[in-house]
Amino acid sequence: MNVNVKGEFAPAAEQHVDRDTANRIEQFLFREARLLDSEAWEAWLALMTPDIHYWMPAIENRRRADRIGAYGPGRGAYFDDTYLDLQRRVARFMQPSAWAEDPPTRHVHVISNVEACRTEVEGEYLAHSVFVNYRSRGEADNDLLLGRREDILRETEDGLRVARRKIVITQSLLMSKNLNTFF
Amino acid sequence: MNVNVKGEFAPAAEQHVDRDTANRIEQFLFREARLLDSEAWEAWLALMTPDIHYWMPAIENRRRADRIGAYGPGRGAYFDDTYLDLQRRVARFMQPSAWAEDPPTRHVHVISNVEACRTEVEGEYLAHSVFVNYRSRGEADNDLLLGRREDILRETEDGLRVARRKIVITQSLLMSKNLNTFF
Amino acid sequence: MNVNVKGEFAPAAEQHVDRDTANRIEQFLFREARLLDSEAWEAWLALMTPDIHYWMPAIENRRRADRIGAYGPGRGAYFDDTYLDLQRRVARFMQPSAWAEDPPTRHVHVISNVEACRTEVEGEYLAHSVFVNYRSRGEADNDLLLGRREDILRETEDGLRVARRKIVITQSLLMSKNLNTFF
Amino acid sequence: VYWDHQIYEQELEKIFARSWLFLAHESQLPKAGDYLTTYMAEDNVIVVRQKDGSVKAFLNTCPHRGNKLNFTDAGNTRSFVCNYHGWSFGIDGALRGMAGQELFDASGMKAGEHGLHPVAQVASYKGLVFGNMDPDAPPLDEWLGDFRFYLDVMLDMDGQGTEFVGSCVKSVINCNWKVPVENFIGDIYHALWTHDSAARAMLGGPVAEVYRDPDSYHVNYNGHGWEFNLDVVGNAATLGDKEIRKYLYGIQPAVAERLGEFRSKMIGSISSVSVFPNLSFLPGQNTFRVWHPRGPGKIELHTWTIVNRSAPQDIKDRWLKGTMMTFSPSGVFEMDDGENFEFSTRTNAGFVTRQQELYMGLGLGTRLTDTDLPGNVYRNQVNEANHRAFYQRWADLLSARSWKDVPKRDKAALRESAFNYDDRKVSA
Amino acid sequence: VYWDHQIYEQELEKIFARSWLFLAHESQLPKAGDYLTTYMAEDNVIVVRQKDGSVKAFLNTCPHRGNKLNFTDAGNTRSFVCNYHGWSFGIDGALRGMAGQELFDASGMKAGEHGLHPVAQVASYKGLVFGNMDPDAPPLDEWLGDFRFYLDVMLDMDGQGTEFVGSCVKSVINCNWKVPVENFIGDIYHALWTHDSAARAMLGGPVAEVYRDPDSYHVNYNGHGWEFNLDVVGNAATLGDKEIRKYLYGIQPAVAERLGEFRSKMIGSISSVSVFPNLSFLPGQNTFRVWHPRGPGKIELHTWTIVNRSAPQDIKDRWLKGTMMTFSPSGVFEMDDGENFEFSTRTNAGFVTRQQELYMGLGLGTRLTDTDLPGNVYRNQVNEANHRAFYQRWADLLSARSWKDVPKRDKAALRESAFNYDDRKVSA
Amino acid sequence: VYWDHQIYEQELEKIFARSWLFLAHESQLPKAGDYLTTYMAEDNVIVVRQKDGSVKAFLNTCPHRGNKLNFTDAGNTRSFVCNYHGWSFGIDGALRGMAGQELFDASGMKAGEHGLHPVAQVASYKGLVFGNMDPDAPPLDEWLGDFRFYLDVMLDMDGQGTEFVGSCVKSVINCNWKVPVENFIGDIYHALWTHDSAARAMLGGPVAEVYRDPDSYHVNYNGHGWEFNLDVVGNAATLGDKEIRKYLYGIQPAVAERLGEFRSKMIGSISSVSVFPNLSFLPGQNTFRVWHPRGPGKIELHTWTIVNRSAPQDIKDRWLKGTMMTFSPSGVFEMDDGENFEFSTRTNAGFVTRQQELYMGLGLGTRLTDTDLPGNVYRNQVNEANHRAFYQRWADLLSARSWKDVPKRDKAALRESAFNYDDRKVSA
């Protein structure tokens, strides 16, 4: 999944957080997934920090020798969102006139392989995870996506919050007509 | 996955169980999955309480404005089982004349996102989880289903037992010819 | 997944390891998966013991009454590898002339249902897990495999290492053109 | 026949677009504005209760640019509004309005010509609503003909009609649509072997040796067929619920009074039914189902549970549970059948295999001529007479350019009054 | 038309293999050796910048045994080497060598005959590179004709040309390719209803009631079409970024000087465009896209973001972000469209449904004859005039055996000089 | 040729339903009742050892209603019982009984006419069992003809025959079946480039520059082909196991005595073989494989490992391991090939691409006329002579209505006795 971009996901010298924190982080990510599965969009949005950067780049096929790799800032993206952008997406999901979302899409977010490390910032953690995102709409539309996430989670007064999220999927040609979902 | 039925899976005020119990619950669910993967039907059945309600409703596409939502009691279901019903299903799997199960179907149950909460009943926990159910039969029959579960687990003399299970999948038109599996 | 071979994966009398060890094992398997996802082949190889036996048998459809079951030693296999064999595979992945791997394949390894038990050997654990292996290549090649693993993990000076791995998938006719991946 | 795309295209045109196809049970649409969406072969249609109590059906496609109109399985509505440009249609199918209507008016559009495309004919028989895409097709009563004599066993036990309980359960099976229709039209023979495991699980013993039953039958009419014996509760027994058997025995005397002794023994007996071309049900188990074709090698199966309207709620609930346990994707019987259906189709991938002549001769020579029963009647329910009648009808329709080319093989022996047992209208 | 495989095969041969298809924007290939791979319908091609600055295109298939030659989306290279046997080709397509060359020589092989198969014609219009598989096709300038008058609104606002920012985002939609082309060629009408939710999310209110706009148009030429009003920033507004609106208002006076007042009001107005057969874009939102056919019921959508080369980097970044938020697989507008596109196709699975006549008569009688605007011009952008022109062109090409059978319905009114506004060459 | 459905249907009928297709190795069926299921193109068949030691083959389809009969890959049985209605067949294919047999008797059914449909012809050559669906096809010995001279290199090194070790490994590749057959019939040329990475991983260095080898050949007969040099162990070396090389060098003198010096140098040399239409193997690597067609763009690959029966168990185990490491879905060589196979097919999706003429002229003019070797013999194994012969045979069969229309291009030069080296029967 680094696909030739400086081995971004590859483990290096990493300091894992203590087990209590690891546990809290895992439960936080599971709860977040449950919010998404139950279309609790606003409650989900409340788990993002106001300065969130929520990024899901588009993937290109490039030669290994091509230094720019499969993805990067300033190239195509599915999400490259600030809090305002996420808010707008949530607002759209919640419009009664979002015909394409009525009947509702049914989502399942499987989250696993959660690993949490300390960062240089006190009170911020780097959390790795993988996901299976499966959606069904109407009679026979079923979409499957798998990928990896790299989150910066921040301790706040209200508990953990997502301050940065990077989502990298494996598909370069997206085999779905849209991404009416979050990751 | 609540799909408009009173937000059933959505987190609300929830009291998570202590970590020891959470851990036991997760391991219990993993072990249960392994029993199913190894066709240990009777050992699996022994993990259900005699008063089990094992429910997997069929999913309908309904307008959001339609109060009855995507599923509900008294409508279609794949499973709406008592212990006796589960026993009969297990009995059928174990008949030597279950031609459709010989050669055996090969199952994998991936269980993740386990969250466990206290309930109002002492010694009973509410456990959320998601699953990937993958089955292969013969040469080229491969079936994939994803969904969410909501279990009531009960402490008994013999350890944890499943007292209630609700299974909600995303597909409304089931893309498989049958459900020769448990969830 | 035992598919009639002496119920290999089925739980029996098992002694689970203490929670600290269980946690270390889970994190070890997650980290290993992350190494594979980031194509850190050599770092991954370093997690295998020199005496590793890495085995992934091919699956046959056999009558339940057929004592030889769906797989077994001396029959077909996708992997039946020593350390040298794994080394050669890694060497091939790392050749600049591995045209079929340039542009890179993008992998996600989802690992879950980790259960760890003591074995008769001090310092060796038996770890069960399930996996979802998803790969994408080029524009539209997307391959999905699910299965179970049974590992013997060994405590060494450098931490946990994989001393034996058995990988059992559900597909008998492999629905992919190759297995340019590890499990 | 089970594999060829050209034949399949012909089936869509010559059979499905000209046959009476099951649309709904009237009980699914109790109130004006109640609607459901279903299929006529691959055509998606809306079936909707009108204000005057009648039922209409329309293509579920917007006549503007052809978008799918309604995306739900069922509901209640005052109008259907298209997601694309917002054209709005009444439940009577009339185009009621749209944004910018003045522009359409100015363009000379006649709203009356752009309502929903109606299903050409819609008609009911005792609660079952059927539709036909062909305005020239013979009426439903003629299509069903004397087969109604048998249908009444399921639909009119007590003059109070039937209803569907629970919702529709849908699944995909990779088989040709004719394979399960053939199975339900007359193939009790397979139960002995195929369903041994399910029978043992549900009943604790093997399936009855029906082929030794001296009092069992195949009957068919116009390609519809019913195989049955007269054991009253043989099918019902597989649900493993003695309350249901008790209920059937309980009502049998009243049914006998209404339909006669003979038919009263069919109400839950070992039996199965297909109505040409793709509707099937099982008396006693009360599963009701349509096998919608999706290409030569695939179907979409829609199933419901049918019960007597007059039955106690508890009995209705037990039947709903019973169909789930036996004939649903998780049903112990259906799991056995599915493999057979799929692999009786998939073998035809082989070029040589699909040239092979199969056997369908069981029961040649069992035709009964000295019987009062209507339709074509055969001794012994272990038989393939109904199979043969089904494929004969299939071939008749497939090769007929117009209705006058369709041979009239079966002639009605009963008068219309034979299906009206008393003054009480069957309410459905 | 939207479902039939035979018609689709005809479309590949008669339309896509003879039409000018969009290949690349010149800005994607700044240096010699820069290449990208793309499709002409289902044919995969390499587009590559030559040493002399020209652009060539080749089938992305090795002429030895037919393996795919290059597996990347883009890059820079000195040669293309086949993975199978290692044949090596120059960026000019010439076969440069292989292992064991002496054996090929001895076999009498003429290397000159085994280079890459070139796309028969390649030509540019103000930064857009097009290719045509047919050596006999009329030149690009004739193909675009007077439509260039409108294209200049997007491509030549200030004589400095345009560029693509970001990379190509690709997705699969299960629809017939003509459905989205029709949508972009003239269907602003759908926005009112389909995009209500997205508009409210991005703008805080509903879509403007464009059908009341007295100063709006449909124009088309040779099957290309543009619908628009003259509100300058109506499309741009949906990006929810006022800096972009400011930018457009800022440059409008200069554009007016260059292209005239009328066209300067089109630069970001409510509008949409399709260039026959399968290229579309949206002025103001600046999404640029090709709908590659993949069978009658499937497309592969490639999208880019186009901006004025002279725009500040910050503005370019905002547009990149804006297309992502609105018209990309995760875009709030595109999510609405996708369902419509797919289900306007999928309903055609029904045999009866696909016989149904649809409506395409909006705006009959709105043709303007007293206008100076080139092409066929219609009053009111809520119209289906462009739809009709598109399908007319489609039918013309589909039924024409050779180019001389293609009716010349539209005649150029403008001289070539009309597209060269000053001495500065448009750099792209 | 690689994409068209109509051509594919013709291939099923004219080629696969008339050719001798590989069914099994006799060692897979040592005892009476041992059976396996396999395919002849898309027809699934059962191959079973009879009580008299002969091998028979049948369609794996029940002649009653066409269900698949046996769902396993292999086993031992006394009878085959159908899951649907329980009809039971002997291992000789005869219908042995069913429930309710008296009813079938009464229906006038003749059990003798409803046994399993036999594969028309079954015959063996030194352990390899072949089947032919066409009763009029020429005998296997004529079909293989002088190619047996070369087959003996693999099948008859020491008069003790061969066996399969391990089980069958099956995978799906999205390529046309002819692409891999062509690859194995004569394409050593690709190894230099395609397999560089695997060779370096297994051998620590690049593939040998075979095209410089002065003593290497293409030979073919009736569309079967073998390319090879005479380095004894070149193929075997890629397994990276020196015990296997040692074994080959060890037996070479004995092989030379039996088959002559020339052929003894082929036993593990750089070489590859396809037997028309879809069987391939690699001497030395000992992978043995059939490419079953599954439509024009898909195959199902079945692979086994073949070894000399007389080899020590340890050597057999090493070969089993060796094929897994090199030519299996996880094999380092096969991974390279798969991409080539798939994309040499997939490019043909392009309408223009699939009109393109490819090159297959390597080695024109290398025919050797002054040789004692049987068949058509060409100098230099880097050649496309076998490709040309394969496609010639393909075209001959495809265009022939009956066997007498098939041109007899190759005439046997050797007598039948040439394949019986001594009195010891080759046991297999």
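The first chain written gets the first letter, and so on, giving A, B, C, D, E and F; residue counts start at 1 in each chain.
Definition applied: contacts are C-beta pairs under 8 Å (C-beta built on N, C-alpha and C of every residue); 3 or more make two chains touch, one makes a residue touch a chain.
Keep in mind the model is a prediction, meaning the values are calculated, not measured.
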{"item": "Least step count from chain B to chain F, where 1 means the two chains touch", "value": "1"}
{"item": "Shared interface partners, meaning chains that touch chain E and chain F", "value": "C, D"}
{"item": "For chain D, the least number of touch steps when starting out from chain C", "value": "2"}
{"item": "Centroid distance [mean C-alpha coordinates] between chain E and chain C, Å", "value": "47"}
{"item": "Centre-to-centre distance between chain C and chain A (centres being mean Cα positions), rounded to whole Å", "value": "27"}
{"item": "Chain C, residues touching no fewer than two other chains", "value": "61-63, 96, 99-100, 102-103, 110, 112, 132, 138-139, 144, 172-173, 175"}
{"item": "Touching two or more other chains - residue numbers and ranges from chain F", "value": "71-72, 83, 170, 193-194, 339"}
{"item": "Pairs of chains in contact (touch as defined earlier), listed by label", "value": "A-B, A-C, A-D, A-E, B-C, B-D, B-F, C-E, C-F, D-E, D-F, E-F"}
{"item": "Of chain E, residues touching chain C in the complex", "value": "71-72, 83, 170"}
{"item": "Sites on chain B touched by chain A in the complex", "value": "1-4, 7-11, 16, 19, 22, 59, 61-64, 70, 110, 112-115, 128, 130, 132, 144, 146-148, 170-173, 175"}
{"item": "Complex interface listing, chain F residues touching chain E", "value": "2, 182, 187, 189-190, 192-194, 209, 211, 339-340, 343-344, 346-353, 356-366, 380, 382-383"}
{"item": "Chain A contact footprint on chain E (complex, rising order)", "value": "71-76, 165-174, 193-194, 196-198, 200-202, 240, 300, 317, 320-321, 324-325, 328-330, 332, 334-336, 338-339, 341-342"}
{"item": "Interfacial residue positions of chain A with respect to chain E in the complex", "value": "56, 58, 60-63, 66, 74-81, 85, 88-89, 91-92, 95-101, 172-180"}
